[in-house]
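Take a look at these structures.
Next come two complexes, and both contain chain A; in the first it sits with chain B, in the second with chain C.
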Partner chain A sequence: MSDTWASALPQAQFDGLIRIREAGLCGMITLRGDPAALAGPLRAQTGLDMPAQRRIVSAGALQLAWMSPDELLLCLPHAEAPTMVAALQTALAGQFATVANVSDARAVFDLSGPRVRDVLAKLCPVDFATLQPGDIRRSRAAQVAAAILSLEDDQFRIICFRSVAGYMFDLLAGAAAPGSDPALYP
Partner chain B sequence: MSHRLASGGRLIDRRQPVNFSFNGRQMSGFAGDTLAAGLLGAGQTLLGRSFKYHRPRGVVASGAEEPNALLGLGQGDRFEPNQRATTTELFEGLAATSQNHWPRLEFDLLALNNLVPQFLTAGFYYKTFLWPRAFWKHVYEPVIRRSAGLGEAPGPRTRDPDRYEQIYAFADVMVIGGGIAGLQAALAAAESGARVALWEQSAHWGGRAPVDGIEIDGTPAEDWITATLARLAAMENVQLRLRTMGAGVHDHGYVLGYERVSDHAPGDDAPRHRLWRMRAGRIITATGAIERPLSFAGNDVPGVMLASAMRDYLVNYAVAPGQEVVIVTNNDDAYRTALALRRAGIGVAAVVDARADPAGPLPQAARAAGIRILAGSGIRKVKGGRHVKGVEVCAIDSRGVAHTAQLDCDAVGMSGGWSPVVHLWSHCGGKLIWDEGGHFFRPDPARPPLGQDGAGFVLACGSANGDLGPVLGDAQATGCRAAQAMGADGAASDAGRDTPAEMAEMEPVWIMPRAAEYDLRAKMWLDFQNDVKVSDIQLAAREGFHSVEHAKRYTTLGMATDQGKLSNINGLAILSDALGQPIPATGTTTFRPPYTPISLAAIAGEARGPLFQPLRRTPMQDWHDAHGADWEPVGQWRRPFAYLRKGEGRTAAVNREVRNVRTGVGMLDASTLGKILVSGPDAARFMDMLYTGMMSSLKPGRCRYGLMCNENGFLMDDGVVARLDEGRFLVHTTSGGADHIHGWMEDWLQCEWWDWQVHTVNMTEQFAQVAVAGPKARHLLERLGGMDLSREAMPFMSFAEGALGGFDARVFRISFSGELGFEIAVPASQGRALWARLMAEGADLDVMPYGTEALHILRAEKGFIMIGDETDGTVIPQDLGLNWAISKKKTDFLGKRGMERVAMQDPDRWTLVGLETLHGTVLPHGALALAPGHNANGQRQTQGRVTSSYYSANLGCGIAMGLVANGPDRMGEVLDFAGPKDRIIQARIVDPVRIDKDGERQNV
Partner chain C sequence: MLSLTCPCCGITAEETEFTPGGEAHLTRSGPGSSDSSYEAYMFQRKNPRGVHFERWRHAYGCGKWFIAARDTVTLEVFGTYPAQTTEPPAEIVTQIRARRPDWTPEPQGAA
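Moving on to the complex of A and B:
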């Protein structure tokens, strides 16, 4: 049934000041609960330690991001999400914790290039000089909510709600229009 | 006449001529010119007509403070009115046009206004528009619209083709103004280790120091500027930006900057303007000072300019204001202009100085250069209409009845002293003090705008701080102080040593001559752009407008697009004089952002066209679009109103869809419905508080309809709740309500019930949801296979999870149409495939998609309420006959106490009924039911209103729901409804449930 699955904006891409690619189907799991209670089961299921405030920890295809004092986001291959949700729910049974598969609620774009901070600065009220690789910011891009993940130098990932994927792509492409480099970041 | 000199001009490049046009006439300037410099260099001194009197006007200033030289720039889609010639950089092909005249600039019939100035005095609107009433619309307005104003708005069909953007930036220390004080402050802050941003509104660094001949460390200022810039540019913690104006200072160190990215280089693919949204720890205003005009008769005639502006044109652009110039002043600074003109070989007829004995170093230098000085004198009047022909001089303290000398000249340079630019200091509440020596308002360091830490977050330095002498020492200290406040305390290098010429004391002159007669005062302009004169302010004072804010609005002083940059202090002084009080007692008007006008497009940024606001799309949106969807907005979603087949109208499509659901099977994209997961040990308790009904008793696997009210008891949202298991509920909200309800839940959980163990997760977008409704619904779904959807396995108001046709589905047995209905939720990524599969499987069942209008009609046939139609924020569930959905067992729920208030218990509240017109027609939406008598305002009394009204194709007549006083007790009664054009439409009160009252159809 794999042909029945479609990400929000399949294969959307733009090349201008930066390179923009829709990331395709991505697995995402929202976890809510006391970090102390979540840590053990998470380590057992994923091998990942708890991320510090506004940080991402990763291992292989898995990434665990801090979202709020009682919320985490686990990113993993899309097909593995249902099994992982079930496993975590079992491991956390009896605890005050919530596990939800939100893989399909989101759209994801990969952004890369030396000017990526300058492009994002046009849309997000974020100080990119203080955003290091491995950091995450929950913010907004123009009028919609966005999570911004700094993966490696010059490589970012932005996550938004699925319904506004088109808006987000158009925003990013507009901000990355050739000739519009604000030269704010080095 | 103004003209270009054969040599000189520090900012122009004579090897690069630039062609431009003014009112269609071809002219030529040089790269580096402003438009004003280009025009003056080409001998064009007459640039426009004034706002009310259509007086000829020319350039007064050389920068952002310019009130007169406003031109229309560009053509067609790129036309823009009211652009300042003094801040517009010249580029090849620039096309400028003058404004506010008819038929021509040189010959303006509307200048007749000038002959009857008493008609247009202060407050003329209020005085003129009293009577006769019929004249308001047909005489006064058309005449005034025709004659008063500046540039014309662009045509309604034009569309700006340029791009605009915004950007967020951060700094420890934001320095606004790139003159020598700003450069020094930025250097000190940066060397201290702070992260620094420095903005300069013009295209050049250094401000006016080079023009004024300032020396720094013993060499011309220019050298120091170049060296300092190089040091700043080499530092990683410094952002330098030209052509960027600090437009406004707001709370918490938020600064708006307006960057004119490519105004000077159109045709680039760069954006035109960029709006900077800067968050800074400390803000240093190094915004300089602005010279004040003097108020003498005819001070607005083209050729009369600020003395400093003359110097700017001369030194920066090698443009002379005329052949023979008179300087009029009350201070030493203007002598710099006289000396500069003399050095350039321009005739200086005389310096007219109000002071009895000008003896400072600069007047002495002028005397030594052979320049005639008329001390103790003022200008009685300027001669000439479209350009200066000469001046009459009189004793400064006289009434100006007779002149003491006449001077021939073609330009007049005036200087009434300087005013620090205190705008940015004041935007966020910084207070001012009156400087007795300099006769200006300056920032009061004891009362700066305060930040969240209680400390001042704006610091002024240089002439913006009222320091008209040396500035670099203070600027360096200010830069260090700002950096230290941000925790940067590295060592800064020593300040440069600037040595401006020494200035003798100035002597305030607010009216020239001081005892001038009325006819002279009526020709002394204060606000050039809005045509406000000395006599207008004096009249306002006599008429009782004593508050400076009242006088401003009554006379329009300072209300033009230049915001009174030249007129403010002069106007205050005249008002104070008229009221017999010192200037500080009068105070200033309020300084508001932006400092100079910024483009609306920059404020809009990317939010235009398709990006005006986010458009939310369901996974099936493309399918709908390809199948005739006629869209309607629902929040930020767009949902199909109906699916139009080829050649089919809206009404026909809706009727077809409505009939099909009752007879066959229809499909609705319900993905937009809010879906919020509520989980945790206290979830059931929380649900009982959110909903009016009992939710804790709901069994896992079952669904229940519920109502949510706000604290006042007003109905806020409704929907079906599914209990997934003991500790987890899935809350369905209305399409528009999902985000609000999620926020509402979090508000209660985080602020009030923080110790309850409940989590919420907004799952709205995780699922695509399809409603399948109609007698053949089960038949269609069974074709997909994989789940038992029989009545026994899945009774009404239950749900089940499984693999439906291979899809990971949660199937709800619920109905909003009254028909046999299912809603199928699958991961959003599979929504498009599920929809296509259902359409394909149901082809021979004539399955059809239906839109929101059919949805509405189907629910109205069943008497189901719709949030937003039957509710408007003032309706409680009891008004809608929904008492059955309010638990009587629960001790509390949100809205319970609100419902117990007297007004909510009133037996005469308007209550839900069905309405049926006597002739089967459709009642107008929102129509009021009339009652006998009239209220105190003479309006007809009412007793109800229509909340929903449709044509029902299934019943073949109009159906409506409405709220009527005591409605349910009045079944069968006929009411009069007010239709359009006073038409009365009669309708009978009926049961709102029109089809299948017992609910058999949904239960099969």
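Moving on to the complex of A and C:
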């Protein structure tokens, strides 16, 4: 077995209206279950409190995002995911909950620049004026599902299925073509 | 354009973020039911011009099912509520009656 891991589109990048960078290897763990049952083990293992509805809480390299009333996404360094999954599974043994390492099922793109909302607005049925830093919005980008994380002002992260990474990158690059700013947002 | 508010995650989004699931509040007829009630459960659906109750899934969002009360002609949405509901909640009925005084709730489960 090889120990060589590769992200979906290593080093893919585009600079136009915004800056687009494939984020490289990202660890991601999906937790499902009653939030009340997940909260204790998560706090013990990560130090993170439960995020409010559609919010992200973070500490250092860890981010915990609210995905649905019974689903959370824990982002962490890729190499730490297997150990964290094992620890959380042990802590949740016997509970009606699942912990799954989904790191290699996903592709991640970092988007930045003052026009990032305008580029995303071309692709997603979302009013980006309502999205604050620390919010997560699950929607679609053209024809594929996407989780959009508002990290800081002018800085977003988009997570999609790995199988559509090429489609997503081309989509973002096309929407960021120079001279195509819809100028929806100030 | 039809805009729906998902009661599970609080997002208001347009129709393409959701998947329609057909008529809501069906009474399931299974083993032991009569042929006619089973046929009604399987095949007979209301197709009203006006107030209608439908199942929707927030497919591109939180992934949850919910129920929407809307007008099939105007696309006006009277309200949305959890899928774990066997009949339209009182506040939804009040909301519909405020906008459609002639409308009366039908007994649910009737084919």
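Here is the rule we go by: the second predicted complex is superposed on the first by the 183 of 186 C-alpha atoms of A that agree within 3 Å, B and C clash if a C-alpha of one lies under 4 Å from a C-alpha of the other, contacts with A are read in each partner's own complex, and residues count from 1 in each chain.
As a working rule, a contact is a pair of C-beta atoms (placed from the backbone, for glycine too) under 8 Å apart; a residue touches a chain by one contact, two chains touch by 3 or more.
Note that the structure is a prediction, hence the values are computed from the model and not measured.
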Between chain B (first) and chain C (second), which does A:Arg55 come into contact with in this model arrangement: first, second, both, or neither? neither
Which of chain B and chain C A:Pro125 touches, first, second, both or neither: both
Could you tell me if A:Arg138 is touching chain B, chain C, both of them or neither one (first, second, both, neither)? second
What is the contact status of A:Arg19 with respect to chain B (first) and chain C (second): first, second, both, or neither? neither
What is the shared patch of chain A, the residues that chain B and chain C both contact? 125-126
Using the touch definition from the top, list the residues of chain B that touch chain A in their complex. 163, 165-170, 195, 236, 239, 268-271, 274, 277, 279, 605-607, 610-611, 613-619, 637, 677, 679-681, 757, 759, 761, 763-767, 806-808, 827-830, 832-834, 837
State the interface residues of chain A toward chain B in the complex, per the touch definition above. 1, 3-8, 25, 30, 32-33, 78, 82, 96-98, 100-106, 121-127, 129, 142-144, 161-167, 170-171, 174-175, 177-180, 182, 184, 186
Residue set of chain C touching chain A in the complex reads 8-11, 13-14, 16-17, 60-64
Of chain A, residues touching chain C in the complex: 53-54, 67-69, 71, 125-126, 137-140, 145-146
